[in-house]
């Protein structure tokens, strides 16, 4: 009873809280990092160095008036943000933060596929949000956004196939263990795949330079134009949770998860003194930082350029990578 | 016991959502119910220890096919209600009655037949289809015994893709 | 407008939409003021555009005919409010030309320094907003950081940060404060180091190239035909710079280059403005080096009352050729007729052919590239 | 309280019947398509359940094929529907009867 | 050794690369590199395989790559046989030597073509190398194939590539026609060949060379009779005649000179045309069992040799002289095989490959230097301009003329000697031919390289600088300059002369592998090739040597050759007017020779005109007799039709209309069942399901 129900439920509770808190601080981090990149200070008023801004923001969003357009579809208008957030959170169930069983909720044998499939559900939140708003621009933006999401999902999934080929397993823990056995992080074995997954991740989370669905400078304000208050906050949470998911997945698939650098080199064994989960979070933090860094640096793609990049560059390269991986795998 | 709870819960959800799919007046709602239905079916697959299929169900059905439906529903922005016109010669009631009758008959056959199967001949619930081997075994089967059907299926998909593009393209 | 269809992407619109009419502005976030563009779209592509102006018309020209000659300087501040000093300069020089007043050499040099500082400030603003429109948010903050320094210099000189009222007919109201030239030099050194920062973020950035190269191509003939001026004209490779062609202030005594584009696209116009930063710095340094001693105010009658006549005089403002046409009847202490040829207004005429055939996302980039200020367009 | 294949078969039959009713009763072609998907899922449930109880993975293999066929069907079906909609501005199946006598 | 299948496949890959991607994407350099690389690889592999072959005791190696045609039960003479063809390659002395020749000379010619074809635009250049590689692929398949059918694939393939390459400049009508001609004439031979293959299978139940040879060895020699083996051999020989340009099917080869010169060198001198000889040699066992056919082969061979040599005496086109020379030398080879000297034939094949390729390439070099001028009357004194070409071509000429110690001497004298042993009058004809060979080759040399320059004037302005530019064989800008302005004859670039030099060395030394025992040599190649010509382990009995005769013959043939050369020197160098006088003295014979015995005209008059004439006759018959009959029938029909029309209209139609009306009336009521509502149809289907299930339940219920 304890093992089958209590501990998992506890883990889930802790994880959910951790993720949601992490998301709010992720927002703060983004504001701070971008501010520093632009030689500004960022939020400074709430708490020392604006630390408490992370708490003030959710409070503000929670107490704001919840506006629902009269002609919106009530059921879907409510459902859409939930459909957007839930998959982003569910994915964390199979993300291992460390090698020990304590650090993951479950390790299922199709973990990576699970992540792919559950994130593919997230697109409903966006389409339905656009449709339920019953407003022209959100609808068009949501169709755009979902087309973008689906296109890049294909590219990412294709790329992950080559990683699966390399690792020989679909289990997230198994993939890390495979890296431990081979002694090489897959980022070195599959650099192309890493780049593709990361670019695809940027696009799937609607981040710069692929942030057109939310680009206020352009025609449409995005699928959540009509949303406000807590419903809007849910979309917000989903987006940042997705960023964290992508970072975690990239860390696990390509940079050894909780492994120390060069896990097979005995001479570096002293690095094991640092616990695995610290390694994990350190690496993940690097990717979170890169996400923000890119946003501060790059201009935005145009829609047709974005689709062209996805279909004519990423997908062919991903397919080529699969073939190459297969050939190498067979030859070795 | 746990399986029974899971089964009944899911059965109720699946059937309820199924009914919702075919009864809701708004097409978009219908699609949403369909997605939820498929998600429940996926969970049912997990109960049946077919994790791979569960994931595929979510990925392909919920994440792919139904999104397509949703897209079409949104592209087809109708100027009048889709079911406004009804042909008087429809035999909807007869169809309803017949479906009910067939369901009853089938259920009768099933209950009757399985009731007579001795428990010994029915294999135990915990088969060997557990653990990590499942997905791998399925892969083996697909790429060995069922290789040709698998290839045929892939060709079918290709043809369908080309066909869909040709059909949906605007003449220019 | 050949070449535009080819330049614009060939992606077919995904959704079957009828021709859609939408309003961009006057409250849209990226129309640089109260510009209103009515777009007719086929899918994502602009079929036609209607440009509506006049939202901040204040009747400056008419007002000027009822102010006395010195007071008009104040009004010119309010036209291109991000480049007030050049507005002042153009007006003062026009009146000086009308009255045949000799301006002291020192005043002409200081005016040149101020005009070029103004150019840097104006281009900084343009660069930041243009990049922001295309999604590069950091450049905005960088460019504004430097613009702030220029504003500080102006504050040091005349006490104001936006509407300077920094010139007078016949010269300058004040000589430069002690140590100001050293500050300007320090700024020039600093600015020179900052330009590579912008370039690093943009010039070779693939996305920036894809968003700007081949976008809004305008041939030299079309550019002349549309009456464009300033960087948009030079971007198409037409050599036209009032500072060279009809030198004013101290430009005939200073050495500088006029950058020209080759393809006439958005990227070329961007490169030209970046090069103008460097040329401005060069001019400022030369002007400060050769700054003559002497008074800053020429011999001007107590009562400014030009004799009857009319004149047109143009200068190269940051946005292009800024011209004043003034008629004096010789009796009143105010102009009989006062007319401004604002560069932004003329360049705005190029917008419609530029954006036709492009995607909606390019419209913001193209509004940015012609660099308009609505205060000057509407007056 | 043991769950036998009979349970699954009955569930499957019920879901299938719901699909059949949907096909027969609704007039919106999109919903009819979705009803067909329901029927396919009913079949899948049956296949998976029996794959489990007969300890034979062939059932699962066929589910994969059914999903592939469903994807193809949806793509082509919806393509036809879109083409039809462009011409006739309707998705009502009762108005799709120009091919009779 | 296991990799011999790669020998043909490498050029095949090269051809595929250049053909599929190259024509669109590759630059000249890439294409040339790929093609030459493929050939170089094939050459290295063949060398390696050959060296390994030398170490094998039974001198044979079979590599079976895959099944081509799975066993099919087919009727044969000895009951039901399994028709089964594997993709198998056999390496034995004969094919080993042949593959060395093909890859070696092929590689050199590839290299040579890099510069020679430089004038071509990029697309044509790539296409050329693609074709060349394709040819090598098929030729090597032909050579290495272990069964008749695999060989036939190569056989047809080389025919195709030959067609493509002859017609390479397809915009030139004469080239396109020549290609067609070659193709059509070859088809006649191929028809015989494939019939022969059918007969082989029918007779022996297998297509494998080795198995056929072993089976044939057990059958009696058909001395003085014309049995099935003779028929097979005759049919096979028809194929060989077509491919190797023997009487009466030789007419295509001279025309094939329309192709680029490297093609002439590779295909129409060194490799493809020898395929017929090769095929006959490969089936040596069969042929030895059919002495009657052997005799036919020898006669055809010697007649071809003589006839072609006589034509060669008066030709003025440098390449045509070489073409007729080739036909003549091929006749020699057939003569050798016809008298049972298979080794000697194969030996001559090899030496001929060297010096004929050399001569062709040399002539190509001259043509190149003369700005595509091929007429020898417009050349002269070329030795001053192109010493390397001159030297190497001189070596080739000496070799073909049979001057010791050049290679041609050994192989030709071997043939002459063996012929002498067999038949005196065949020998006499062959000896005369040898003299003529020496004469016309000397004539070619003298007209081209000696005397005064008779060609067109050139722009001497910047000849010197241009000379240098050509010298380094630069692939890029050189051809362009060359195409527009010609700056006089000049030596070809190094990349062209290098193959010439290598081939010249080959032409000198190739004969040493077959120094006859009469001269104290070991006649090594004879012993080496022997296993290929006998079945199983049965070795031919050691024959007796008549050294005295051999020496005598050698001396005689050298004398004849030297005399012919001297005669040519007198006619074409010392007193050129003498040759013209000679021509006018024997005007009739000269005209006949220059017109190649009117064979082309004869074929035109008989085959072509005959076909046309008979077609016209048949057409007349058709129009008057057949059409008359048809028209008569037509009138009858019309008359009876009117009668039947009346009946039809009132009786039959009445019935039909009645039925129709009934149907229409009936369907008007019944068609309301077709509502056009899909769902109603679905309900009908569902009703079927319902009925079925109900029936099932009822059956179960009542059945129990």
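Chains here go by letter, A, B, C, D and E, matching the order in which they are written, and residues are numbered from 1 within each.
Everything below uses one rule, namely that contacts are C-beta pairs under 8 Å (C-beta built on N, C-alpha and C of every residue); 3 or more make two chains touch, one makes a residue touch a chain.
Just so it is clear, the structure is predicted and the values come from calculations on it, not from any experiment.
Novice: With respect to inter-chain C-beta contacts, which pair, A-C or B-E, contains the greater number?
Specialist: Of the two interfaces, A-C and B-E, more C-beta pairs touch across A-C.
Novice: Report the most central chain, judged by the distance from each chain's C-alpha mean to the global C-alpha mean.
Specialist: A
Novice: Taking each chain's centre as its mean C-alpha position, how far apart are chain A and chain D in Å?
Specialist: So the centroids are 34 Å from each other.
Novice: Just curious, how far off is chain D from chain C if you go by their C-alpha centres, in Å?
Specialist: Chain C and chain D have C-alpha centres separated by 65 Å.
Novice: Counting only Cα atoms for the centres, state how far chain C is from chain E in Å.
Specialist: Here chain C and chain E have centroids separated by 79 Å.
Novice: Where in chain B do residues touch two or more of the other chains?
Specialist: Residues 52, 56, 64, 75, 87, 90-92, 95, 99, 102, 106, 134, 170.
Novice: For chain A, what residues touch not just one other chain but two or more?
Specialist: Within chain A, residues 143 contact more than one other chain.
Novice: Multi-chain contacts in chain C: which residues touch at least two other chains?
Specialist: Each of 15-16 in chain C touches at least two other chains.
Novice: For a test of understanding, state which residues of chain A touch chain C in their complex under the given definition.
Specialist: Interface residues on the chain A side: 34, 37-40, 140, 143, 147, 208-209, 211-212, 215-219, 295-305, 307-308.
Novice: Within the complex, which stretch of chain C touches chain A?
Specialist: On the chain C side, the touching residues are 9, 11, 14-15, 22, 24, 29-30, 44, 131-138, 140-142, 145, 201-202, 205, 207-208, 210-211, 359-362, 364.
Novice: Residue numbers of chain B touching chain A in their complex, please.
Specialist: So the residues of chain B in touch with chain A come to 26, 28-29, 32, 35, 39, 51-52, 55-56, 58-59, 62-64, 67, 70-71, 74, 131-132, 134-135.
Novice: Give the list of chain E residues in touch with chain B in this complex.
Specialist: Residues 675, 677, 679-680, 682-683, 686-687, 689-690, 693-694, 696-697.
Novice: With touch defined as at the start, can you tell me which chain A residues reach chain B in the complex?
Specialist: Where chain A meets chain B, its residues are 73, 75-76, 79, 108-110, 113-114, 116-118, 120-121, 123-124, 127-128, 131, 139, 143, 146, 150, 153, 170-171.
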